[in-house]
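Order of writing sets the labels: A, B, C and D. Residues in every chain begin at 1.
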Amino acid sequence: MQNKQKFVNDPVNVVPEMLEGLVLANPDTLEWVPEFNIIHVKGGADSARVAVIQGSGSGHEPAHVMAVGKGMLDAAVPGNVFAAPSMDQCLACIRLMNGPGGVVYIVNNYQGDRMNWDMAQEMAEMEGVKVGRVLIDDDVSVQDSSYTTGRRGVAGNFFAIKAMGAASQRGASLEELVAMGEKVNANVRSMGVSLSGCRPPAKDEPIFTLADGEMEFGVGIHGEPGRARLATKPADEIMADVFALVAGDLPLKQGDRVAVMVNGLGGTPIGELYLLYRKAAMLCAESGFEIVRNYVGEYCTALEMNGFSLTLLRLDAELEELLAAPAEVPIRVF
Amino acid sequence: MQTVTFEKVEKALVAIRDTALANEQYFCELDGVSGDGDFGTSLATGWREIAAKWDDLDRTSIGHLLLAHAQVIASKVGGCSGPIWGTAFMRAGMVARDKTSLSPEDIEVMFEKAIEGIKTRGGAEEGDKTLLDALAPMSRTFSATKAGDAVLHACLQTAEEAVESAMALQARRGRQSFTGERSIGSKDPGMVAIALMTRNIAIALSGHE
Amino acid sequence: MQNKQKFVNDPVNVVPEMLEGLVLANPDTLEWVPEFNIIHVKGGADSARVAVIQGSGSGHEPAHVMAVGKGMLDAAVPGNVFAAPSMDQCLACIRLMNGPGGVVYIVNNYQGDRMNWDMAQEMAEMEGVKVGRVLIDDDVSVQDSSYTTGRRGVAGNFFAIKAMGAASQRGASLEELVAMGEKVNANVRSMGVSLSGCRPPAKDEPIFTLADGEMEFGVGIHGEPGRARLATKPADEIMADVFALVAGDLPLKQGDRVAVMVNGLGGTPIGELYLLYRKAAMLCAESGFEIVRNYVGEYCTALEMNGFSLTLLRLDAELEELLAAPAEVPIRVF
Amino acid sequence: MQTVTFEKVEKALVAIRDTALANEQYFCELDGVSGDGDFGTSLATGWREIAAKWDDLDRTSIGHLLLAHAQVIASKVGGCSGPIWGTAFMRAGMVARDKTSLSPEDIEVMFEKAIEGIKTRGGAEEGDKTLLDALAPMSRTFSATKAGDAVLHACLQTAEEAVESAMALQARRGRQSFTGERSIGSKDPGMVAIALMTRNIAIALSGHE
């Protein structure tokens, strides 16, 4: 049975109808290929540049279809809600965005995403296309999970997109882009916490439910279990726990320059995200980590889940420059 | 075993196809015990597309015919099965790319490459209660018996025994693994499909052995 | 009792801690006056311009503290969650942002907001300060409501801020700014729908609850009742009903040029907002209204309420130019 | 009524102040019947601040003293009461800006201006069951009796009668109005405060009348 507390029509059409809305809202900058649900920058592949593309399940918006734009992704190819894009979608996207220098895709470490992309890559390579791959696995909360072997790829993904998108604009080669993505992945860590479940449009039931006073510590971006189901506590204490695990995993050391992201998982008011950022900024100051850039808002969501994730990225001069480069996304804020 | 002709390969592919088409409901039921019940539909959807395109599939070589299968399977089969089966056909197809008949040694390598591909793609190992637990022992049986005439029969026996003995295992890959210990005691749908396809291949080719 | 499913510390400190996070995240552009919870552009009043300010309850973020920036608001002064700022907060903000040409405030038509601002205006005028006022009442759903006499002021407010902020940058006088704000208000209409209640941090109970399959048609931005409690239906049908009421109230006529906003009320995934925008764009096309600019995302929320509002603004050449003028807001999107 | 001296005005303001301070709980209880129960706290918070600053309040004129009250009330009193009471004191203060004593005519105008201010600020009219339903009849009584000596007593009687007769009304302003018909039958806390303050002013000034 359909979830009635959603602004959708037939749940089967959620993704195409969302994409149609997106291109209707951005007629000058985006194009949509309905057959494969590909969103790409207007005009398609740029023969002077190596395109950067991504595809994963829907329900994480603005990731990744709303990260398509100049200096960000050249294309995104979403699957259904919380389902990997199929092999032929990935292959079609590779073919479409391929240029003389090849094409690079970014994939989060989820089994379904990886299998379909790897397969598409092999197929494309058999056709003579040069394909680069960047795997993101920034989530420190669990080693193996419902949908992964190894760590999950979550909001840290944004920084790979931003850095690689900027590098592509500067004419980076396929190898340079892959190296850049791998550098981001080696230096980025994330972890999430939720205070509610989430409910895909086609499902009658939430993926999980939390009683009043419970939180899922280390939740995944589909509502998969994390480290533990714990009692809720003040926001500052939650942030302190998450911060210690994320910073400790890299590990960051005094004097490191960092980018800090407090990402909303969909149902958390932006006011609470800033309240959480306040504590993260204080913890950085105490630890001697210098915040060079910060990001507070929704970057990678899990439908309407009430939760947040913290992402820390260790910077070097090159990354700082790429993060500061101009970029365009289809979300208008003023 | 003698050289396998193009005609025999086609017969084997028809047997695989028709097994997938005839057992949609049965495979779904098997998957429903501890998985999400879509395995039969996944396979049937792919092979319905293959059946529809049957006469137009690229027959330049055995390899091309297998690669044509791989393309459709990877595109049209959902769940874990699409990339896994697609990879198996693709890797086997690469070995046979320029061949219009297969030696026992060719088939041995195709077996090995397909298994290697499945492992790479899905990250599973033997013992994780997946179709690898049927394919890997079959591949060893094939290597050991490839000189003799009873090779197909020996492979079939290995597959069917594997289905039974793997019932005691706990699934560690795919949706079956989500239900944890509930998978213990039931047959793995992927392994059952492999065994049934082998049986139907043996029947189809028995006149020629 | 405190609501435990919130990322907050002591509910009493929600607003100051959010504001502290906001200025920590924007040290180069924003300043905070803790005594009165005023957020203003760095450096304060600009003697060459008439400042545009706003204050209302918190819980509607990004409205209005996250709309402070060059070409937008010069300052915002928020009250507690869903409570008007007090008279002395408003007065302090007027005094602080006053310049040689005076200062203009925007107030949404809620009784508490109006009374405190009007009072502050009289006090300031007694001190010799020239104060301009723009009242926003764009919500067509109800004439009188729990908190208002006349129509409520909701997301349409954004367009007054944007147009007046841009006009101020161009050196508009107090009288010109007031006229501009009144022009926006005369040409803007909104209406909201929700599929869930919302729950202030200091409250144990949601402001209202909806059963599965129910929606509040015409909801206010505090969860106040609207026109009717109805059965949910497909998103396109909901949008069609809202669109007819909003466009019909102006009324818009064929050939009109418009800005369209699909605003999330806090808990609605952005994917659904684009799905809703798709229908709004189609309805505009059918009705012969030309969409010149569109806005899809969160502009004026009600904490974590699952809902949206539609705002239509009839444009003329002057408004089009002001909406297109550059502006800076403290929310970084890339 | 004769000219009202600065001293008498101060006594009246002390009576108002002490009424607010002494009745915090009572006014809250009245507000709790159909409102949000904060009225007593709102008033007491404001007048505690006035009491703390008492000696430093601007006494240049009666108007300045009233304006100093207005400033504190508008800043420190919460709910609807802050802007409404603040406005009343401010408008009355404007009339008396340059005065160190008040004629009956001055007081008549101050009454009218305060009522006008309350109406503008809160949008209420007579009959909406707010303190206007006490102030407006009092103002009419004052105008009718201002020449006589019993004016204060007449005003008090009007206020107390108003409290009783308004019980039958339904509140249409402030939080009381949110509970709809539940407000019928109860006393309006704002009106009770006005009546009690008037009584205490009458007591304080009775020696001088």
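The rule is short, and it goes like this: contacts are C-beta pairs under 8 Å (C-beta built on N, C-alpha and C of every residue); 3 or more make two chains touch, one makes a residue touch a chain.
Predicted model only: the values in this text are computed from it and were never measured.
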Smallest number of touch links from chain A to reach chain C? 1
So what's the Cα centroid distance for chain C and chain D, whole Å? 35
Between chain B and chain D, what's the gap in Å when you average each chain's C-alpha atoms? 90
Could you grab the centroid distance between chain A and chain D? Build each centroid from C-alpha atoms only and quote it in angstrom. 60
What positions in chain D touch 2 or more of the other chains? none
Among the residues of chain A, pick out those that touch two or more other chains and give their numbers. none
Considering only which chains touch which, label the overall pattern as line, ring, star, complete or other. line
When you check every pair of chains, which ones turn out to touch? A-B, A-C, C-D
Tell me, which parts of chain C touch chain D in their complex? 86-88, 91, 111-112, 115-116, 118-120, 122-123, 126, 146, 149
Considering only the defined contacts, which chain C positions touch chain A in the complex? 4-10, 14, 17-22, 24-25, 58-59, 61-62, 66, 71-72, 162, 195-196, 210, 212-213, 232, 234-236, 238, 266-279, 281-282, 293-298, 301, 303-304, 306, 308, 327-329, 331-334
Complex contacts: residues of chain B adjacent to chain A: 67, 70-71, 74-76, 78, 80, 82-84, 86-87, 90, 120-123, 178
